[in-house]
Amino acid sequence: MSTRKKSKIINDPIYGFVNLPGDLISDLINHPYFQRLRRIKQLGMTNLVYPGALHTRFHHAIGAMHLMTEAIDVLRSKDIEITNEEAEAVAIAILLHDIGHGPFSHALEHSIAKNISHEDFSALLMGKLNKEFNGKLSLAIKIFNNQYKKKFLHQLVSSQLDMDRLDYLKRDSFFTGVSEGVISSDRIIKMLHVKNDELAIEEKGIYSIEKFIIARRLMYWQVYLHKTVVAAENMLVNILKRAKELSSQGEELFATPALSVFLKNNYTKKDFEEYPGLLETFALLDDYDIFASVKIWMHHKDKILSALCRSLVDRKLFKIELQKEKFTTSYKQQLIQKAGRKYKVSDKEAAYYVTSGEIENSAYKTNIIKINILMNNGKVLDIAEASDQLNTEVLSKTVKKYFICYPKTLNTRP
Amino acid sequence: MSTRKKSKIINDPIYGFVNLPGDLISDLINHPYFQRLRRIKQLGMTNLVYPGALHTRFHHAIGAMHLMTEAIDVLRSKDIEITNEEAEAVAIAILLHDIGHGPFSHALEHSIAKNISHEDFSALLMGKLNKEFNGKLSLAIKIFNNQYKKKFLHQLVSSQLDMDRLDYLKRDSFFTGVSEGVISSDRIIKMLHVKNDELAIEEKGIYSIEKFIIARRLMYWQVYLHKTVVAAENMLVNILKRAKELSSQGEELFATPALSVFLKNNYTKKDFEEYPGLLETFALLDDYDIFASVKIWMHHKDKILSALCRSLVDRKLFKIELQKEKFTTSYKQQLIQKAGRKYKVSDKEAAYYVTSGEIENSAYKTNIIKINILMNNGKVLDIAEASDQLNTEVLSKTVKKYFICYPKTLNTRP
Amino acid sequence: MSTRKKSKIINDPIYGFVNLPGDLISDLINHPYFQRLRRIKQLGMTNLVYPGALHTRFHHAIGAMHLMTEAIDVLRSKDIEITNEEAEAVAIAILLHDIGHGPFSHALEHSIAKNISHEDFSALLMGKLNKEFNGKLSLAIKIFNNQYKKKFLHQLVSSQLDMDRLDYLKRDSFFTGVSEGVISSDRIIKMLHVKNDELAIEEKGIYSIEKFIIARRLMYWQVYLHKTVVAAENMLVNILKRAKELSSQGEELFATPALSVFLKNNYTKKDFEEYPGLLETFALLDDYDIFASVKIWMHHKDKILSALCRSLVDRKLFKIELQKEKFTTSYKQQLIQKAGRKYKVSDKEAAYYVTSGEIENSAYKTNIIKINILMNNGKVLDIAEASDQLNTEVLSKTVKKYFICYPKTLNTRP
Amino acid sequence: MSTRKKSKIINDPIYGFVNLPGDLISDLINHPYFQRLRRIKQLGMTNLVYPGALHTRFHHAIGAMHLMTEAIDVLRSKDIEITNEEAEAVAIAILLHDIGHGPFSHALEHSIAKNISHEDFSALLMGKLNKEFNGKLSLAIKIFNNQYKKKFLHQLVSSQLDMDRLDYLKRDSFFTGVSEGVISSDRIIKMLHVKNDELAIEEKGIYSIEKFIIARRLMYWQVYLHKTVVAAENMLVNILKRAKELSSQGEELFATPALSVFLKNNYTKKDFEEYPGLLETFALLDDYDIFASVKIWMHHKDKILSALCRSLVDRKLFKIELQKEKFTTSYKQQLIQKAGRKYKVSDKEAAYYVTSGEIENSAYKTNIIKINILMNNGKVLDIAEASDQLNTEVLSKTVKKYFICYPKTLNTRP
């Protein structure tokens, strides 16, 4: 008697058909924790700039898993030993790598629950799932945490060239329409190899890797750190901050019950470990909770909250200035005072209208994990050494920019 | 002095760059009524089957407007006279053609407000906008309502081959990944012509039109009427129905304020005409109101409501049977009784678990507006006559199918 | 000691990377008979209309083999037993299915060697290769000739839905740029199954099959039977005819040595069987022999030959008329007389300027091999029965058109 | 009375439809000089590595012209004045920029006619066409030669960012299937501007330009300087050299008449200016002449010529070694001696089997024409200054590699 349920296929505009390899993976995908990712956009507010960018973490996770099965096939064809158990575990590890993301987590990661990263939540939720699935995820979790003997499996999940990056760059490029960000995941995967238990790319793949690094850089500036997106995200951060402040003052705010819990309290990592119900409440949160609440707050009597919400919902976004030098305190102060006068609020409150910060991008981080190139002569070099054009210095230079955001009406510059 | 603001470009993964032609159109797009469409998915629940199908009516409306500007260029190049005023008006007409759609309107069109179609809402909202814009939309509205002398302009907005269909087929195909639904909007637009004040396709375009008709048919069965989507939509309809019933019984339901208004009352078209504020409330509704509320109702004490909501949110969708014959009353009754026993509710309440209905598709509707083919000899034929392969009888045959939905646990069939 | 040479990959703009499965297949591809296909365009003169259509039978054969390996994987995943030997053999069968094609064979199939089809040449060349490869192709040849017990393997090579068609439709569509001809080979292959030793498509694939049939029909009229291409091919046929006639009159014609052999003699199938060297000479012919000779003949003193060649090379193609009724003998005669007067040649010679004939296309041939649909209930129906829209009568109706070609200068019609 | 003939459209798998803007351009395309480009592959022998790379200079020239019309539209929309005469002239200039290319000109540029570049031939042929067209090309020629007052028009035809490069990178990437070479010509063209009579890219286009430079670099190593292609080209160069040598010794070689003329004589630029018929003979040459002759020479009695030709035709290509240092004379000498022994020829003759040379690529040439970036503040910077990542030093570093080719059988290295 066959115990295999009917094979499942998921449609992906990028890869065509994605086969789900095995029942355990199907069952994980059907779990409410994972289904929740259907309601969490991969790129948060980016759709305000690129209207197609509505794809979800659900789709990304499945896409990354698809690439993982391809990578496994390629490596096996090169006589790298990967058992069936390992293959399943590494597929699960990538499938669940983002399970802990909350709504708009790029912006709100530390607004909803302080000092708890999405990686912490991922760990908590994976542990929970492992119990429900009677320990079947143990190997996946080991690989995810880089505690498994075969290090290269972890590198497929998390490194400068992991299946996560390969999928998200391709996917984000596809849905935003920024076609220049397109990377050849196919080609890169075909070039994968393992040397000394580390992932490596065959020498002939050097140009593809250079291209990958440049494409990633381009996506950073054109999409991930797009100034309008940065402005919108900062507005959302301030909205949550104001809502929490009002809540803490005893103000009643109409919000979904799950969001209310987090508005009214500041939980720590320990709380989550002690009260299992709290994790369940977190697992109810998605983009709908946030945005439905923001929409309601457009009509709240607190004029700061309502102004911020209305601006975000109707897309009257704040102006953002970007420069290589830090903005002076006096410039910021001057804008806050202007805002105070204009909106008739105290300076402290006016600060909600003016936010500043920095964004940065480093094309290739030499200090973290390298991209190994397996040369034809059998040696392994880092891409920064192997490339005859790019060099470490240039590649690893972090580009930092400073920004300041404020309502367009405050603008005095041309 | 130039009064033209900086030209606006919107990124579209399908067309690349879309230029916004003129300030009036930019201003309309910036209006909250139009921005609202950013939060209304074009295909409602379809993403439960095709996870990429998250694109919005906002993106579609802009895409259709883009095709309109291309169509205008092509027609002008063939010496069809179209003034600048007409060109702007017809672009506005297509831009606003869906402005009246509510959330999940394919499913909920008559659940939120009875007897008022989305076309009615479009008319109301366009009228409102026309006032705000000091009558600048009058010509667009005239064309939209087919009251303008040049009939072919209306046909560009609404006919068997309008820019609406050309965009949505292409877009839905792109985002679902159902690549077989792809149509050559480019090619079709290049073949557009006007004869006797009617849109026509040049003879050499016959095969493209055949292909277009078949692609549309394929999209109907594979996407628009996909059985799992039909099941999900019916579940959502029943959820709203139950919520309204509970509301009418005085039950307090946690819902967004805007949705609450419509849960508690049954407004008529006349109400909307008499109380302008009502239209404003409607214009606040989007997918967030619906789904945030559904998520909250998962925890409602009414077990029917909570069961339906939980099934939808966690994607434990009902089974759906599809067949060419109507389901017998006794089969339906038998399922309802089963549901009653299983869920311990009265038969009347059990009916929420079992819904039936019909879906139909006609590839080409001969009785409505024809697709004209302008033959090389100058005559105009209908595609059904002009095609040497397809014939009226086959093309216009309506295919009707009957369905019945119920929880998988009730299933007795293999 | 490993006997496997380094795995070979071929780049394909359509499929990305194509892996060559095994050394025997690599060796076959490296054989001069197969390399010759690099110099034979898949679509002959079609590039005169679609300038991108320069792809070769070499690329197509490898593409079809690639689809074959995918189809084998899919069928095996559905528990259809296919041994490694069978898998290799069926891949070889599709790889070599077109090995016997000569240059411009759509036009010249019976001009270069009378009464010998390209299938005959394929059989001869496969036999020759089988000897060289010590009988390793025996199973492939058996499958190719439908003499193997598992019939479905032959159907993968040659049937209404074989890998040949799936590749060429996709490839021809890609390189011509006729995007409407694109078929979803991926999707169709995923739906393949075997029932009663016959290939079948799973029920949910019905719409894909309908689409495939329509796309094929569209490609026929838009590409394969494009009137300008038909005109060019007829010109080439007449050029060869005239060259052979001049040769037979003892006229010396500058031609490549291999082509000369066939200009001066009319070989029969028997000759090829008796004189092995003749097959070797045939295997030297490719597009270069034909077109280099045609180019030289532009300067030949025979004014008919030079006029035809010049017209073809400089793309001053003949006018072609197309209609549903046969052209009358008197109309043709009248054109021939005009040509005679204009070019000052006898009526017999003038006939080289005026050719007529018929072209036809049947979307789906019911009388040959059917496309089986494996219904969900386990039954097998023909697509013509299974489709609720298309019907046998319409699908199998052969569309025949008559054409007549002549120099544009003879034209009297508007 | 309209003198405009029916508008012409050419199908391009890359751009879809290409409109031919005006009768003069249609007439130029119909001229035999231009039609000849249909028979000259853009990438010569590259199809031996990338089988799809069969596209022609004809298709490229039309594609570049298409991009030119788009660039003109964009610049005009930014209030750059371009008259209709200039628009036509610049389109003609790009259309004809490659008219002087001979067959396999990357390899054979100086083999067929010594000391005459393809630019020389272009100049000669444009002059000839200008006479035929009664001086209508004068402005185009002026722009082509950079003698026209508006310098930016010439830059659109020839500069680091001209329409030539934009088309060929895109086209070569498309047909080879090296998807990583894809550039966003659309996006770059949208960013074009003119400042101080020089082409510039708007600041927001910086990343696109970086990407363009990297993509070009990738195409160089992966396609244009692909080692197998270099080997094949060197074999072809040696074949022509040997054929000329044999010819000069009075040996009769079967070749097309046009090629014969160039085998038997060494013409100078002056000859072409003095004898107009010579240019006509050159204008008859295309890939067919070369390859048909090479195929015949496979059977020539000179064993060097026949061996080289057979190796090329059957794709038994020479081994190529590539390294950063020059190969030593002794290594080369040793290989030649080996070849001499193996093939029983003198050392002088053995040199035909062993060729060496260098290939180089510089991603961005700072010493030639710069890529201007028009900063938001109105200043113009060079991309090397404007980019925060790439720097002049890295970008302009020329990468040079040395190669040596010889028959695989001579190989002694592992």
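Chains here go by letter, A, B, C and D, matching the order in which they are written, and residues are numbered from 1 within each.
FYI, contacts are C-beta pairs under 8 Å (C-beta built on N, C-alpha and C of every residue); 3 or more make two chains touch, one makes a residue touch a chain.
In this text, all values refer to a predicted model and were calculated from it rather than measured experimentally.
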item: Between A-C and A-B, the pair with more C-beta contacts; value: A-B
item: Centroid-based (C-alpha) most distant chain relative to subunit B; value: D
item: Separation of subunit B from subunit C, taking each centre as the mean of its C-alpha atoms, in whole Å; value: 44
item: Chain centre separation (subunit A, subunit B; CA means) in Å; value: 32
item: Centroid spacing, where centroids are CA-atom means, of subunit A and subunit C in whole angstrom; value: 50
item: Residues of subunit A whose C-beta touches two or more other chains; value: 16, 179, 187
item: Parts of subunit C lying in touch with subunit A, wherever the complex brings them together; value: 7, 9, 16-17, 77, 186-187, 190
item: Contact set on subunit C toward subunit D in their complex; value: 10-14, 16, 30, 32, 35, 38-39, 47-52, 54-56, 58-59, 62, 174-179, 254, 256-257, 284, 286, 288-289, 291-293, 295-296, 299, 313-315
item: Contacting residues of subunit D [partner subunit A, same complex]; value: 179-180, 182-184, 187, 207-208, 210-211, 214-215, 217-218, 221-222, 363, 388-391, 394, 397, 399
